[in-house]
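Following are the structures in question.
What follows is a pair of complexes built around subunit A, which joins subunit B in one and subunit C in the other.
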Partner chain A sequence: MGDSQYSFSLTTFSPSGKLVQIEHALTAVGSGQTSLGIKAANGVVIATEKKLPSILVDEASVQKIQVLTPNIGVVYSGMGPDSRVLVRKSRKQAEQYHRLYKESIPVTQLVRETAAVMQEFTQSGAGRPMLGWLQTILDFNVKLKKTKLRALGNMSHKKTLLGVRPFGVSLLVAGFDDNGPQLYQVDPSGSYFSWKASAMGKNVSNAKTFLEKRYTDDMELDDAVHTAILTLKEGYMHLKLLFF
Partner chain B sequence: MSIFEYNGSALIAMVGKNCFAIASDRRFGVQLQTVATDFQKIYRIHDRVFLGLSGLATDAQTLYQRLVFRHKLYQLREERDMKPETFASLVSALLYEKRFGPYFCQPVIAGLGDEDKPFICTMDSIGAKELAKDFVVAGTASESLYGACEAMFKPDMEPEELFEIISQALLSSVDRDCLSGWGGHVYVVTPTEVKERILKGRMD
Partner chain C sequence: MSRGSGGGYDRHITIFSPEGRLFQVEYAFKAVKASGITSIGVRGKDSVCVVTQKKVPDKLLDQTSVTHLFPITKFLGLLATGMTADARTLVQQARNEAAEFRFRYGYEMPVDVLARWIADKSQVYTQHAYMRPLGVVAMILGIDDENGPRLFKCDPAGHFFGHKATSAGLKEQEAINFLEKKMKNDPAFSYDETVQTAISALQSVLQEDFKPNEIEVGVVRTDSPAFRVLSTEEIDEHLTAISERD
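== the complex of A and B ==
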């Protein structure tokens, strides 16, 4: 994956055993727009507020909820560009599965593979093409090939780190397959959870409390849509109240 | 001498009423010499999917091992068995991977799909699938097998009758082929059980 000579991770363990970069990534997610998902008895709904920075933005061109396959969709909280990379990779993985088995990919499998991609970026320099011109000066010993050594010149005074960072998004993947409706949350660390209902981004605690109160196992899809909108409204109202 | 005629084989799969049967000969030979008379050419992938491999024996064995590997991982990852249609697509993809240096095998896949619907198919050595509703054949005796099956087959047979028909078709066809024979091996699969039977034919 990538050029193994220069692929390494910026995510390293702290003495307390935490991966600080992932914590920061989760903070980035937590300050993103609220998104939520609710699993009903006969379907799943995912929702987010499409808050545009100005009225001049062409609203139709912004896509926050994306389709991965005809029966799986995804919404994100966090950095939009990062989510686009993941959507692209996931779509490709889903198609590769279909090419091999001529069957649509089960939701769990797609979630698993997407999560694996996110995990890779916390541990190795996966999938990033490295340019041989820049020099990497590291604190520990790295064997450099002779050709690349020649290209270094007098760059020794600069510290140019080449590596990858974790994704700054959490995804809510909603899908419907042979096992019925499913809702998964995938975090920047690569861990994934199956939820009956969940929220991410700003106001997540309020949203989750609201969902906990309102969720029932035998909800119909229309009820779930209604609840989703109410939950988003709740967060919006709460924010408004905060400023008054 | 064609590479497909190095070992010799005969394979049939037939569809019945909510059941299927898959049968093969038992000869393992190296050109004119018979080396074994109990050689297995039909493999059970799981209770509802069976794979028969004709052609070069070494390629058949390797291909089978690769497919079992893939299926086991699939079972672990997806926590379910592969459907026969999915399995056939996988075999086709694997064979086409070696398009310019192929496995010299012709597989026959038979299984019970959703709602116990029987599924059979065969493909050539580079993965071109051939689906059929009645029967599929493969191997050095395929021409005789086509004739025998066409004559003897009728749709919606019960398992017992299906067994009789497929056995007769197999035994009569391998008698016309010097590279296959030495008995038969028949599996009759219904949603509830798998019946494996050995046939005694002309031992030559």
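== the complex of A and C ==
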């Protein structure tokens, strides 16, 4: 396998103590389509822009908001293909929990496990000296011939991943369980926070300002849906003003 | 040594650039265009048709061995635009996967499931450094039991969408502009209209009239759901119909 050539972490600390690959991943998220979530008194709403590249695309075949369990849903901003991996992984984790405990997984637990997957991809590989890097690139063409294709789906193994990049998505997980309605945002670094309302992707600062003004703790779900749509429209309008 | 910008390796393997881009994925898209071929797919009311150029660079080549249209199962077809070697790998794996699906679950792999599988595989290559993304855009066609004729397109980034009509390759954007005009009012094309729209789109965008052996055409129809590559005689009939119409 070509993996041993990448047995060092692609996400390493810079001299200033930053993990730049994660920062770049966040930049990728920031240029994705806007999505947002609002926690109401009796429910949670998540919404997203669904701008398709052409009118020829069959819009029924695209579903950005996905169900993880009957009472937990998720939306993303950033790279669609990366989000599919996380959705698939989360669904499986939820099901495994149910098999073990005969209960639906609480929102916090599912969020924690999903975040753990995202964190794994930022800490891939064992340490190897920097010099190995150059050797690797030079060997790349030679090793390519010997590299076998590896099947997807091995992420449940405990061994560390080798030569991977962080996920280019932030997720908004909305759920309702015994602790009431909950909304969590998970970032490419694997850190997650609970939010009353949050936005991600393009226009995030305008969206958040708008949400801050409009949010009240005792909002009803219908109000929250209305506010969510208004916020997305606001982002649209703002963009139009910028150009004209 | 600062690894601030990935040390310049963000162009060599699929790690993020400072702007949050994946250069290797973007270069893979360029590789698809570099093949010099354009392909078109159109979905009609009860059929799907895909068309691609058949450029045989050398007269000594056996024409029948030059193809970009591959049956994956009896009912699913795949049109690969881009690097032919990568295409063959993809086709081989897809055929294996579809056969295993049939064995495991007892029914034929649906179009969108295959498209999703191909897209998910492509996504792995964009996230793991040890494999480069494939330089292929795949169009999958088939008749779905529940949803009728379907056309999907999968790209090196791991995106996949269902399409009413689409294009890939060198003149992709021009073809999409042409098709957007044609499909604007959601027309429900019959089988003949579907095939002729696809072929005439290709002719218009490449600004040349084809001879029957210069293009490859693959179809699936609700009343005969097996994936079929049209013979040169059938292509000729359609070409004649198009030129008579104009």
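The criterion applied here is as follows: the second predicted complex is superposed on the first by the 198 of 244 C-alpha atoms of A that agree within 3 Å, B and C clash if a C-alpha of one lies under 4 Å from a C-alpha of the other, contacts with A are read in each partner's own complex, and residues count from 1 in each chain.
One rule holds in what follows: a residue touches a chain if its C-beta (ideal position, glycine included) is under 8 Å from a C-beta of that chain, and two chains touch if they have at least 3 such contacts.
The shown structure was predicted, so the numbers you read here are calculated from the model rather than taken from an experiment.
Of the two partner chains, subunit B is the only one that A:Leu100 touches; subunit C does not reach it.
In the overlay built on the shared chain, the residue A:Thr27 is in contact with subunit C alone; subunit B does not reach it.
Within the superposed three-chain model, A:Gln109 lies in touch with subunit B and out of touch with subunit C [touch as defined at top]. In the superposition on chain A, A:Phe121 makes contact with subunit C only, not with subunit B. In the superposition on chain A, no contact is made by A:His226 with either subunit B or subunit C. In the superposition on chain A, contact of A:Arg91 is made with neither subunit B nor subunit C.
In the overlay built on the shared chain, the residue A:Pro81 is in contact with subunit C alone; subunit B does not reach it.
Contacts of A:Arg165 after superposition on the shared chain: subunit C is touched, whereas subunit B is not.
With both complexes superposed, C is the one of subunit B and subunit C in contact with more subunit A residues.
Applying the stated contact rule after C-alpha superposition, one finds that A:Val57 touches subunit C and leaves subunit B untouched.
Taken together, the two complexes place no residue of subunit A in contact with both subunit B and subunit C.
Residues 1-7, 9, 12-22, 43, 89, 93, 112, 116, 119-124, 126-132, 150, 152, 157-159, 161-166, 176, 179-180, 183-184 of subunit C touch subunit A in their complex. Residue ranges on subunit A touching subunit B, taken from their complex, read 99-103, 106, 108-109, 112.
By the touch criterion stated above, subunit B contacts subunit A in their complex at residues 77-78, 83, 85-86, 89-90, 93. Of all residues in subunit A, only 1-3, 5-6, 10, 12, 14-15, 20-21, 24-31, 52-58, 60-62, 79-82, 84-85, 88, 121, 130, 133, 137, 140, 144, 147, 149-150, 152, 161-168 touch subunit C in the complex they form.
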